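Take a look at these structures.
In what comes next, subunit A is part of two complexes: it sits with subunit B in the first one and with subunit C in the second one.
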Partner chain A sequence: MTAIDGAQSPPSSPAPQGRSLWSDARARLMQNRAAVASLIFLAFLALAFTLGRAITPHAYDQVFPDYVKVQPSLKPYPLADQIGPALDRIVARMRVQAVDRKIEGDVVRMTFESPRPIDERLLAYFERSDLFHPARVVERQEEGRRLVVEAPIERRLFLFGTDSNGRDLLSRILLAGGISLLIGILASLVALIIGVAWGAIAGYFGGRVDMVMMRIVDILYSLPFIFFVILLVVFFGRNFVLMFIAVGAIEWLDMARIVRGQTLSIKRQEYVQAAEALGVDSSGILRRHIIPNTLGPVVVFLTLLVPKVILLESFLSFLGLGVQEPMSSLGVLISDGAKNIQGASYMLIAPATIFIAMLFALNFVGDGLRDALDPKDR
Partner chain B sequence: MALYIVKRLLSALPTLFIIITLSFFLMRVAPGGPFDLERPLEAKVMENLKRVYQLDRPLWEQYLIYLKSLLHGDLGPSFYWRDFSVNELFARALPISMRIGATALGVALVVGSLLGALAALRQNSAADYAVMTGATLGITIPTFVVAPVLQLVFGLALAWLPLGGWNDGAWRNSILPIATLALPQIAIIARLTRASMIEVLRSHHIRTLRSQGLPLRYVLKHSLRAAALPVVSYLGPAAAALMTGSIVVETIFAIPGIGRYFVDAALNRDYTLVMGTVILVAVLVVLFNLVVDLVYAWLDPRVRYE
Partner chain C sequence: MTGEPVLEISGLKVVFSTPDGPVDAVRGVDVSVRRGETVAIVGESGSGKSQMMMASIGLLASNGRSSGSVRLEGREILGLSSRELDRVRGRRVTMIFQEPMTSLDPLFRIGDQLAEPLMVHGGLSRGAAKARALELLRLVGIPEPERRIQSYPHELSGGQRQRVMIAMAISNNPAVLVADEPTTALDVTVQAQILALLADLQKRLGMAIVFITHDLGIVRRFADRVYVMRRGEVVEQGETARILAAPQHDYTKMLLEAEPTGTKAPPPADAPVVVSARDVHVTFKMPAGMFKPPHLVRAVDGVSVELKRGQTLGVVGESGSGKSTLGRAILKLTPAAGAIRFEDRNLAPLDRAAMRPLRKSMQLVFQDPFGSLSPRMTVGDIITEGLLVHEPQIDRAAREARAAQALTEVGLDPASRNRYPHEFSGGQRQRIAIARAMILEPAFVVLDEPTSALDRSVQREIVNLLRGMQERRGLTYLFISHDLAVVRAMADEIIVMKDGLAVESGPTRQIYEEPRQDYTRNLIAAAFLSRRAEAA
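Coming up: the complex of A and B.
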């Protein structure tokens, strides 16, 4: 980014502020309503992914065995018809007789009977259930053979339902979206760094260096992508950090080609020749003149690369090679949802909608940037 | 032209050789072996297995043996599917993947370029926006979402088509996989066609045609030919990818194609099968890039064979 900032404000420019390529482009981008709306939407998503998890009541890896695959609902669980069977289960486990049962608002009041004195530690079954807070003994009768017990109902909100392990889908989507977006951005940055350096060096030095470097790119191009990734997985294990390095290490090839093409035309410009004549060394020319001037097409390619990487990552996660449980990415959630499409279709719909909306927005931003940075296309 | 083709194929040989060498040694250096099970095999059994598959020789000797058999067109025995050679596995699975891939590509080419041309001719109209929105959707929705949804709608809800399976190539079984494979390709081809078509429509020769009031089909004929160039150069790698089967589509629709070998072989350390898939992809990429260049020269007479 420093290179961009540097291009925006030419050093010690006098009063009439010149209009640089970047300020022009920004103005054009701001006029593109779809791109601006997408940017705002993406900012909102990023905020939700980072802060949202603090707001949701459940941790992403918290399992609720009593709420497996419950439907999304605005009303808090448990529903009225879930309380009865849950109480029956608890009573059966405690091996006592329930003679009287009343549900008053948020509190269940029960009376237990047993031929022998009831061990009050058995009330732990209430605590273990996801539906109730710890129960309290209100009254002991007949030397402990009759207990009156009160158990408050624990209300839980599952706005997006739960998954097949009984975890809150909203929390998982927020986590997964964050990870997907993070992988997309980081992998693209890896691709950016390798690709720009590789392409600029190959293009600037030309000749034999260029030939060897671009031949390497050609060879890597013809290797099947999946072979590459699996090799990396085999070498380093299924690692979250590795994922984006692997994807980035594959996606830099296009970037290198683009940058090389740009460099070939830039290096013949007069200002580069002037710098050479002044005795600036190669690394200085590359850093000060060549790379900043290739950034236009690179930025465009980068914004379109992010959704592509997210798709790739989700594809790998679908194959089981990507992010591992209990962590999650949108690809993991979508593939889970696809397996449960019958009966629990919300498990596919919710993550897929967010995924598609996110990619849509990223694509709009990329298209908007391309139009903004390409003055020919006006 | 024949000379050009021979020259191009010959120049691909060093690249192929490097790819084979690179993947051979990378695969062998990777930890784990083809006979590693949860419960280790007896030492004697392991030793025999290794001898049968010549894994007990030094690595460079194995490499030379492999290269020699490769020159005879033999990809070696599979280490995991022990009753089959890699050649046999490919002979059974490759035609299936190629048929589905080629059909999907053909469908995508026709539908995609027509939609793209329509959008370009009616630029900024409702039809244009509809096509472009559909195309963006088609690119962003992953196949592993499209496939189950298609299964649910056409297989279960409407019960028109079978959910999966190959059924010896019955056409009813291949509709859903072809549709799943074709949808993203349609989207990409429509976008490419639209973008290049808009540029071509602005060019002098097409403007002349239009200003002379020639019917639409003449305009289309001339502009589609020029606008096809970027689409053709996209088709090379895309064809290679489609012909070698889609892992996702073949898994979801239970098609005995070649796609699943890519993942299974590498995870099982089935060395020869991995090498087979790598070589297959590399050869197809080389071939399709050559075809692309030939088509390019045919479409655009200014391109000369170098």
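Coming up: the complex of A and C.
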């Protein structure tokens, strides 16, 4: 820098931002209605899975023995025809005689009679029932042998019904969906990180390194997946984290092959050779040139991998190798639903609908991304 | 050349709808082609010359819309359904393209590819089509047509493939042949043969040729009339001789003067030697197949060069002659045998890591301004990447300042450093690539066909830029090119390479005026088609 030193002027003026390929792709994605609608739907689902559980009135593991397998309903339980039998059960347990019972709005008014004085503690049976709030004695007559009792009816909403253990299916679906999505995303990220690093290194260095690394991939490919998972379960016990590892450990193989293929063509590009001519070391070339340029197909593969992993996890859970009670995943719920398909088909329909809608949306987003990132479009 | 017009284009407009709004590629063009004449359509890239002809025969990309009128032999063909167009295309009007590698289907023998349109359009039987295919191959001068008819496209050279394309195009005796830069992808000597073939076929078959090109040398020798296009409009038209002798429009004048001119002042005789390479050998080992033994390809076979400070050595030759490999071998980017010295250091024993500090002083500029810039990095990051390696102590603000300064030096707006390569034209991209090499203040730069992918007028600017930088900084260039017009404007000395060997070398003047080898003479003759025609 001899002749031009004098002309040097630091650029204080802010340089305008350019349009990167990513922002172009984003613009194209935003024009794809199916993809945008799917993105909004997925965002809504994610919100429901995280915040929704706080809003639903029942915890996912709360059991309502009186509401086993009740149908989905917009009207709060108990229904009118459930109150009578429930009261009959309570009266039978209390071993008293009910001489009078009136249902006035949300309150049941009953009169009990017994040959001996009635222990008020017996009223705990009301509290134990899922249908009533604790009962209150209105009037004691005949030295305690006649009792007038008021018990407010506890109204509960089961929009999606309850499962075979009497747990609110809506809460369980929200939990299960969240877990499925989380496993899908986390296992895909595990696959992404291992696969991209592995594939880029193998492809860039080539030769013997490539051969050894890809043979390892081939060996892992030849492991039967289910066998592998059963082995892991046997050694480490059933575990939530195990799912990520099992699924991620299998799915990164595809990713590594894709990235390696991309890398092989990218490393012939002149900008990589230019970087070599500049003296950039291998890690710099991998980080700045190879990996960013492989990311287009990788992102597409990733969005298609998430539903695939969710399916895999559901399959494992369906087999009983996955998530354990009281936690749940969509696969577990669908498995439960399948067992109760007669009589309680809603137990299958509700989680399966959410599951299918989620997979549809993820696939639409993946397709939209593929179109948006397709370099042939340029 | 009299005769009724066979192709009349009037008021043709082409609009492409893009995410950034509609783009007018062609803005109302009138072209008429008479029977049996050759019309050249000349313009730089982006002038709409190809799109105009593509629109005329209904081959626009799906986001393009055309309007106006195109009459082929008196019949309106614009807006015909693709079914009706198929009856016209391939029969009355055919097209050959720039890239003969991708225009042929790699899975079919060329005999079958030739015979198929004859059976579909010409209604010939299989045997008759085969016989005609053979006759066509003979007509376009393919050697040993009986053997070649059984070949697959990859077994043919680029020139032969282009001949096959021409054979396909003329197989149904079209009235109009549209040739879209048919020789641009070919070596200069092959170019001349293809042009001669086209001229000969036209004489024999009496078809009209519409020749789309950016090369005025071809126009001069080949065309009866010329249309000069710029930004989707015809700016000038007329007889070739008149246009070339007395251009009216400034743009035409600029195109005519766009050939790089001037020569370089030689370096002082006592200048120190910067780079010397003695007896460089590069051999690629082709791995053994299941049934064939490994064999060696000698890409560079015992070439020696010596460059003084401030000198430019031109390396010329056809594609495959090993000239790019020589450049890379000297930079130690390709494993090579031979004694290579840079300043006072012997490069031969150095490995990749040991070479790294030296990379600052030895730089490389590539041919393809589209492939040599990473599409996902900003221009500023691309230019300053070398600084990250060689001057890691300077901070981001200082790097930005250096980037802005480097951009200014190559004639670009420093404010463009946050933009991405795809937002620039080919010439601007090449300037960015030059800035990337020059920011490290190298002593020696290998320029690997830096102007070959560019329009003539841009070439000239790049040549001037490179010469200016050389003068200011006392740079040493190894200039690799197949384009002898550019080499003459750049180089002090020249080596001519063929099949990995240096067949001739000497001062530029001497090579151009008294070439000793036939090969050199052919290269020169082909590159200066225009001059020779003028002299004749």
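Heads up, the rule we're going with is that the second predicted complex is superposed on the first by the 357 of 378 C-alpha atoms of A that agree within 3 Å, B and C clash if a C-alpha of one lies under 4 Å from a C-alpha of the other, contacts with A are read in each partner's own complex, and residues count from 1 in each chain.
Definition applied: a contact is a pair of C-beta atoms (placed from the backbone, for glycine too) under 8 Å apart; a residue touches a chain by one contact, two chains touch by 3 or more.
The structure presented is a predicted model; accordingly, all values stated were derived computationally and were not measured.
Using the contact criterion defined above for the overlaid structures, shared-chain residue A:19 touches subunit C, although it does not reach subunit B.
After overlaying the two complexes on the shared chain, residue contacts for A:280 are found with subunit C alone; subunit B is out of touch. In the superposition on chain A, A:293 makes contact with subunit C only, not with subunit B.
Contacts from subunit A toward subunit C in the complex involve residues 1-4, 7-11, 13, 15-22, 24, 27-28, 31, 269-271, 273-281, 284, 288-289, 292-293, 295, 378. Taken in their complex, subunit B has these residues touching subunit A: 15, 18-19, 22-23, 26-27, 30-32, 136-137, 139-142, 144-145, 147-149, 151-152, 156, 244, 247-248, 252, 262-263, 266-267, 274, 277-278, 281-282, 285-286.
Across the complex, subunit B is touched by residues 215, 218-219, 221-224, 226-227, 230-231, 234-235, 307, 311, 314-315, 318-319, 321, 331, 334-335, 338, 341-342, 345, 348, 352, 355-356, 359-360, 363-364 of subunit A. Interface residues of subunit C, counted against subunit A in their complex, comprise 19, 331, 333, 353, 355-360, 362-364, 366-368, 371-382, 385-386, 388-390, 397, 400-401, 404-405, 408-409, 414-420, 422-423, 433, 436, 440-441, 472-473.
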